[in-house]
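In what follows, a structure is listed as structure tokens, so that the remarks can point back to it.
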Amino acid sequence: MSFRKNSGIGFLSTLSGGCRHGRPYARSHLGSNNRNMSTSSKIKVELDSSNGIAVMKFQNPPVNSMGLDFLTEFSISLEKLELDKSCRGVILTSAQPRIFSAGLDIMDMYGTGPEHCGAFWKAFQDIWLKLYSYSKLTIAAINGSGFAGGCLMAMCCDYRIMADDPRYAIGLNETQLGIVAPFWLKDTLVNIVGHRTTELSLQMGIMYSAPEALKIGLVDQLVPEDKVLSTATNTLAKWLTIPGHAQEISKSMMRKPTVDKLLANREADVKNFVDFVTKDSNQKYLEMYLAALKKKKA
Amino acid sequence: MSFRKNSGIGFLSTLSGGCRHGRPYARSHLGSNNRNMSTSSKIKVELDSSNGIAVMKFQNPPVNSMGLDFLTEFSISLEKLELDKSCRGVILTSAQPRIFSAGLDIMDMYGTGPEHCGAFWKAFQDIWLKLYSYSKLTIAAINGSGFAGGCLMAMCCDYRIMADDPRYAIGLNETQLGIVAPFWLKDTLVNIVGHRTTELSLQMGIMYSAPEALKIGLVDQLVPEDKVLSTATNTLAKWLTIPGHAQEISKSMMRKPTVDKLLANREADVKNFVDFVTKDSNQKYLEMYLAALKKKKA
Amino acid sequence: MSFRKNSGIGFLSTLSGGCRHGRPYARSHLGSNNRNMSTSSKIKVELDSSNGIAVMKFQNPPVNSMGLDFLTEFSISLEKLELDKSCRGVILTSAQPRIFSAGLDIMDMYGTGPEHCGAFWKAFQDIWLKLYSYSKLTIAAINGSGFAGGCLMAMCCDYRIMADDPRYAIGLNETQLGIVAPFWLKDTLVNIVGHRTTELSLQMGIMYSAPEALKIGLVDQLVPEDKVLSTATNTLAKWLTIPGHAQEISKSMMRKPTVDKLLANREADVKNFVDFVTKDSNQKYLEMYLAALKKKKA
């Protein structure tokens, strides 16, 4: 089914101004000194043994939407790197042009039934739990737009470098689609941009252009698009000179209370999502959304 | 008793620089397409059936001070609009020139005894509880200065647009008058401007000029005075195109914990206020304050 | 032992760019109208009876490192001034050139054994508890760099005025030295600069130049170095015209929850520090640090 390929949660938003580009993508060139650790097709992992820096490239065309398969592979890749002592830090980036990730795949929520929806949501929780409390340093090299779950992946990192292009946008646009961000996604945003900006952001489902995202602190730095990955690598290399044990404890001290909230409410959060998304009215909404996607493609 | 007319909590502060204007007021012109729903004399409510936007205009001359009568009418108006399905959003603004509201009316605290003070405070709590958790979208069209309780009304809204005039000021100036803002007012400010700015703001009772208020995030946008109401209307109309159910749940997710804190401590908070304000030393303070007001008027 | 004189926690950091100065210090000139209340040699206290403002000058050459002796004297001085009704506000500043304070003295942690380390940490907790909940107004006149515990002293004040010189830096650089800031130090920073800036700051042990510190809100105001003390005095004098009772309650309302967290966990926090610092690996770290200091001196 062809919808699967571009049914990320944020894709439709691109119609209404979030980002304005839809040309075909091209594979990026890969350096030759890297060890390719990738066993999956949706995420390419390269670990540079010279500096301990792993680059995870999302390559799930056309918009890196996060279906159950993607989430499962992502989770496994994160786990492998966490256990790999030769890996000291991880960079998340996209192999697709102009898009970091369009977020969760609608096709996993539409007409799939409560059981699949529950498994899907658990996998999404799992990514957040792993990435937000990751023991190694992480940097998001945001070389395109990031919608909803795509924005979340970036928010979980220790630092966010975005391509300095106002056509790229990032944010939690769930509300625009009639969906509500879960509390732990809200907490993650509050921890980055504060209470007030989060409130406005979630109420209106705002997508911020790269310069706006910098201004509110949603990303930390803007650089020219062709410097995103190299800047991330250089920044990470510099940070790896700082005592890692103290870094890790400091990170945990900041994030543990937020992580513990979901751990204490994980089942209820799954039930909450499943009840919401399988409701007739909300399935209807997704149907309309997919119809709009189909029309856009045509 | 003529004090009633200008005994708002922040009025005297205008002497010491908060805002610098005191000319007579004029009624603003009202559009002709609106349905006047007002049954009260202190608050004029107009609902535009074409877009579902209600405008509440405070018309309690000269400074929209909030006495028990005003609070009661305000509460009833808010309730009516919340139940009215044709109303989709509410704009708060002032019919008085140069002043949004001077805040709580001192005359309800001076020499009125514990019972009246308790009822007064409960009515104030009630306004906050209703407005801060209002199910419909709200925008403050701040077309003049807002002191203490007047600032609070604006802070409860989902968005704040203020007249771009440095002579207008907004803030919680209670400390300047020897009074302490209650914890829920403090919480509301923390949610908007953060912990540090709140600390300084409350310790010194700072009134921020419109440009300063924008800088610290106490208001969201400045526009020329004659565009405040139209900008609020246009903004609200735009927001009403976003799925309302997701908006409402998002708002509740952000504000419920703050609201629940007062709900769990409402009686203690009333007692705390009554004990404080009826103390001889504090009644003395209010007496001095009213004497200063009288002198100013003369 | 000569290390004692410059073994503050942040001293070495000055090598790696935090601040770039190391010339010999000179005593600052003292005004003639002040009553010298100092009974100690490490902190000079002058109370100006004309305005009730006390100035505490750290004079522990060369870098105002905070050993157990310093902390004890500091605590006693704070207590005396709190009980002294003629004192209405306190300014903290340094008598040493170019340095506010280098923070805790490493010599109190290296080779001193668990008992001494425990007493030392308790004394440090005590300073924070006293200063963060001080009933009188406090202003930090930061006339040089402030590292770790030195930064904390400034963060506890009600307002921070720093010398406008990019060579001066301020921050919590513990992580750079392999040490982790305790939770209450973290909480204090969160209360000032918010969650995100704190996270980055602690993970990387960032020292901010004066202009950077202003930008993130770690300090409130920059003035020319020779105006730091006079600006602090004038600001404090102005604030003393505001009702003090309301000021004090407002301050307590903002800070009490943070203070209560340490009060409820004081013993565990001491144990945590002692266990960490007396570990062989961490003692080794301090040894290397002291060797680097020695080399720098040579």
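Things to note:
For clarity, chains are labelled A, B and C in written order, and residue numbers in each chain start from 1.
Methods note: a contact is a pair of C-beta atoms (placed from the backbone, for glycine too) under 8 Å apart; a residue touches a chain by one contact, two chains touch by 3 or more.
All values reported here derive from a predicted model rather than from experimental measurement.
Shown here, the protein chains touch in all possible pairs. For the touching copies subunit A and subunit B, the fraction of interface residue numbers used by both falls below half; the interface is of the different-residue type. Rounded to a whole number, the gap between the C-alpha centres of subunit A and subunit B is 40 angstrom. Within subunit B, the positions touching two or more other chains are listed as 194. Across the complex, subunit C meets subunit A through its residues 174-181, 183, 186, 194-196, 198-200, 202-205, 285.
Chain contact summary for the complex, subunit C toward subunit B: residues 158-159, 190-194, 217, 220, 239, 242-243, 245-247, 249-251, 253-255.
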